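Chain nomenclature is as follows: A, B, C, D and E, assigned in order of appearance, with residue numbering initiated at 1 for each chain independently.
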């Protein structure tokens, strides 16, 4: 151990959590690039600073995205990572794999790249971590052959993602996987040929638990919900109570709208559904007893993003409820109108949320043809700086 | 009625609420200015528009404030209100009067003005409504003679005001009246000789019920509060319960921190004072049983204002607790430091709150010498745009 | 020469003896009946306060009548409240009933305490100011006539504080009222290019605009207004008289709800837009009166005891507020000023209506 | 030539038969033990999911090992989660225990379900990005080693989601995490006047600055940074490589708490600043690890069941959070960006600590 | 029609690339042809990209367009 060339990183092989250092070392056994990555990383650990230069690169032929260029700032020391680009491979929706497909990915990456990956990137892509410029096109060709395609990067639609939804979740109010997959397939051009002012992200969660963080991490969030009454199975409610669940304390008292009443005497649960805001809490605690209502659809929200430039935004409700059934025409039409308005009015590097903020929600709503509804706001405005449309004003000439 | 010259205003003599039209008519019996005010107002009611021109006038000799100039835009029709200035008379703290003083004010105003007043203006002054330029100085002389002085206007300290406090309220935690009076007397110069970037308002409420709206309507709000335990008289608590008060429902459940427990069995009330945020609700409902804790003082807040220019602000906590006993040196020193910083850095027509917002709370706190404490915020910042002071940075030269 | 800087008369000389004796030593109070407070001192002393409404705009003769009353029943001691009511202060319980009798005979409304609607804080309007978008005293009178019974009865879930300001300067401090009546303009100012160069400072005028709608036209020493960016606040007119903004056909009243000042239970809150525009319809502003009444009634029917208007709305949700009141929600309710994003709904937690 | 725009493989071909059969027809689930989910279909079918931790940065050989496991126990079906864990999908209950046995033998942590600490969403750091203020994988490894037992045990009041982003771009989307680790710079960028004119666009560079700290120096075709206005966000460097900002001695980590994404009970919330700066101390960032652990422990000791970190803090108050954790409150915790005033305390409702 | 737009797009790039600046946002290009519909400009640009007359250049976060001849070797 004492004569290791990576004494600092070696420390991170210890401990119970799986070690990324072990992964790099494993790849380094076969791949010089991985070995130089390890060495350069050790230098970063010593220097407490990154050693990558600003990237910048073309995509593969015909594409403008899917590749992140990266170059070492010490190619003298680490020639095998002089160029170390990543390829973003669009993951299969829901991150489902059969091993044969995964093995194909591995084989391709052993052939063309460093043998290192991220499963997955935080937008959802399968990240193939580190290759040279020459290998980009051949690697893409092999990927395409194997049935894979690249995801988004740059001023493009980014790889959409979806929660596991109806595949394995009892709460799915929409088919998150199908919606995501259809969007991905329909919007291929937007993913691969960046023509937008900036990035655009779409995420689909099939209920308000939001297991893909759609509300926080996408410009357009599609989130399953329902109308009507929560389906209650009174016998199962009692079964939970019998099993020791404190229904008043753990369910009713934590209901944000306080619309539930548990009567210990009758052992019945009453839900005033008109007050329920479908937060999911009671269903989460008693999945066997409570199920979403029968009329299902999605709320559509826009504007979520990380802080750069004007501060983080959580997405905003713009459509409280939309039925979502294939071919999702209403949804895709709306997305098209939204993107078109953003494309026309957005400045370079201006996300949708920032644009709406700059021009005003009323302009956005008018342009995309949505009515103003109270569900769009936490509360109405507090400042009196109200604009009126010219047509709302009494036209008589003011002298 | 049919041949009244003021058919529209006459409508406002009807109905049970006291009528301002009657007041104007009453004054009009003696005063031509009041008569013309009535007539001009009738025209406004007809035209649906005001008929006053932008004023602007010097105050009385030696003063820069206390008078609001006003001119009719139809002096042709209403010559007696060609000039119709108001004088703002600093009210006796707490708006207490003995009738002899009030009668003196009336006599003076019958002598010099329209015979109309506002008791009081919404900053708190006794407003003498409508006189001519010539009468300003003589009127002031008479007021001074009678023991009255003018209040603030323009870029000055405005007339401070205080809730009735210890004079008639069991909850007063500070002597709102004395503090207000001392501030008014000490800061006479600031009231009368505008030297500030803009207006500055001080209001004092002796508890968090805030009966003078200090938190919403003053640049510097002084609000009484206490430390330690709420004083509970268990017998009186029980008496309220006996009298039918639903202590759990009306008190405990509405306590914002849920720090109260009422045991129906023991008929006792337990308060977890460490969690109490001194909102006043329980004391309001059971004044006979609960009283503020014994260690009393004030929270100091700054920045409140109406919307022009950047939106309304409610005041912000800058000192959670300050003991306030005559001569209030700590308070007046702090006010001086605050005003000095604002005076030095504020732009013209920039209120204190707007300045703090523009330069950052950390600069304000540093300048006035206050430590940052969590009580100052609803929650810590959410954006990562954190400034560090140069002295916090490792000085090693960065190459 | 007159003495300057003497300040207001020392309030202590105006305190009735019972207050001096019990200053800072009150033990509790009760509301004996609407408009009548009974404060009990630690030593058992009892002070009665009788509160009556005032139009605030008072003639000297009327003030003298009030003085007469105070002298007859209160040894000449009285006060005004922070909401312009008059309070008669009595140490002698036996004079309370006779005072009230005379007040009622003279049509002074007695009330405004506890869970009632007290006097409206308001402003100058067409009576004295140069920037109003509506009158102040007129709408106040019309509204309070209609809500009169809520002044004289404590029949509401909690205090309801109604205020009025005749323009966006908000001298009535309507920004934190249960119900706020706010005069608004709806057309941009019209720079008077002939007067403007003489009476206005260009930089100040340009800086006065919250939305940056004003551009200096250096050549002509005047300014230009970008109508699309103007939201008619009138601040430019405050600063520059040559930019009149009043417009009889388009000025009017907006209604705001759910603000509060006290820290009781919930923290202070701003008022929020309920109705963007109602016409100026003097002398009695029927649309405004009806709108305010509707809000009060819906609130009274649905809120729980001690729940201020804004607290009730917070609990049931704004979507419910609009449904129950029948008020239309429009794009104008959605903020588009600098802190707008803070008001957008960033959760799927909402109700259907 | 290779086909373009084929999109990802159709996920349906990767769904195990039991999922195809029960697609959209699941009835409920149970967490059988930490890391093991049991989903029951309307028809009574039962699907087991075994969740294991992953370092996310995976070598192809390791992936092949995972494939081996999936083939042995799951007919080759597996998935990854939105937080980078691996999920083995089993239709056959009898293979669950053997799978877990082999996983444990191979040191795969089984857990991350329910009221546990699951995998950390994180980013590239020094492994691949050009703007990081800290590493990503290293701190994650160090923190998760320490919190390991909370991954394998569901012993917390509620879910705790920890994320890491190595710079303010926040690819780790730490802005809504229970606990967020965020790399920060603390010194302004240093424009390289020789390179800048060639590699950067002046207008874009100037516009990139959130605080307006960058001024174009047209004459020299470069830019100047006003150090007093710069808060080191690094956005200019993203846009203009000739403005390096990394600084070994002053870069480091800030810690944020109380964010959440789900709408369960409370609405989604942003994370708030807890600790403005901790040094970059590789390889194991002991200060950061200790700080995170402290927050988790204080939370675990005080929160109620189902109460997320942010919900707990909201209930007890931020002043109490700082007291209980012993974290120092500084002027840096007070916002000074565009929405700052919204975060100032506009009520006297607060606790002493 | 589309050929004409392509020609003008190309002319735009040639003209604007004379100085130090070689990379442009699609928005710049659209602004450069104010009389042409935005979508038509985008379509023309895509065709030019397919023909490899233009090339994308991406920083990963942001995408630019440039003449193929100006595309940097590696940097």
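To be clear about the criterion, contacts are C-beta pairs under 8 Å (C-beta built on N, C-alpha and C of every residue); 3 or more make two chains touch, one makes a residue touch a chain.
Treat the numbers as computed from the prediction; the structure is a model and nothing was measured.
> With centres defined as the mean of C-alpha atoms, identify the chain lying farthest from chain B.
So the chain farthest away from chain B turns out to be E.
> Where the centres are mean C-alpha positions, what is the separation of chain B from chain D, in Å?
47
> If you average the Cα atoms of chain A and of chain D to get two centres, how far apart are those centres in Å?
About 13 Å, centre to centre.
> Suppose each chain is reduced to the average of its Cα coordinates; what separation in Å results between chain C and chain E?
59
> Two-or-more-chain contact residues of chain A, please, as numbers and ranges.
54-55, 62-63, 68, 208, 215, 256, 278-279, 307, 311-312, 314, 348-349, 382-385
> Can you pull out the residues of chain C that are in contact with at least two other chains?
Those would be 168, 170, 175, 210, 233, 247, 249, 263, 268, 270, 337-339, 341-342, 346-349.
> Provide the list of chain E residues touching at least two other chains, using ranges where the numbers run on.
In chain E, the residues touching two or more other chains are 59, 61-62.
> Go ahead and list every pair of chains that touch.
The set of touching chain pairs is A-B, A-C, A-D, A-E, B-C, B-D, C-D, D-E.
> Which part of chain B faces chain A closely enough to touch in the complex?
307, 311-312, 382-385
> Considering only the defined contacts, which chain E positions touch chain A in the complex?
By the definition above, chain E touches chain A via 25-28, 38, 42, 45-46, 49-50, 55-63, 71-72, 74-75.
> If you look only at chain C, which of its residues touch chain A in the complex?
Listed in rising order, the residues of chain C that touch chain A are 168, 170, 175, 182, 184, 186-187, 190, 210-211, 231-233, 247, 249-250, 254, 256, 258, 270-274, 276-277, 313, 316-319, 321-322, 329-337, 339-353.
> Given the complex with chain E, which residues does chain D contribute to the contact?
169, 197-198, 201, 221, 238-239
> For chain C, which residues count as touching chain D in their complex?
263, 267-268, 338-339, 341-342, 346-349
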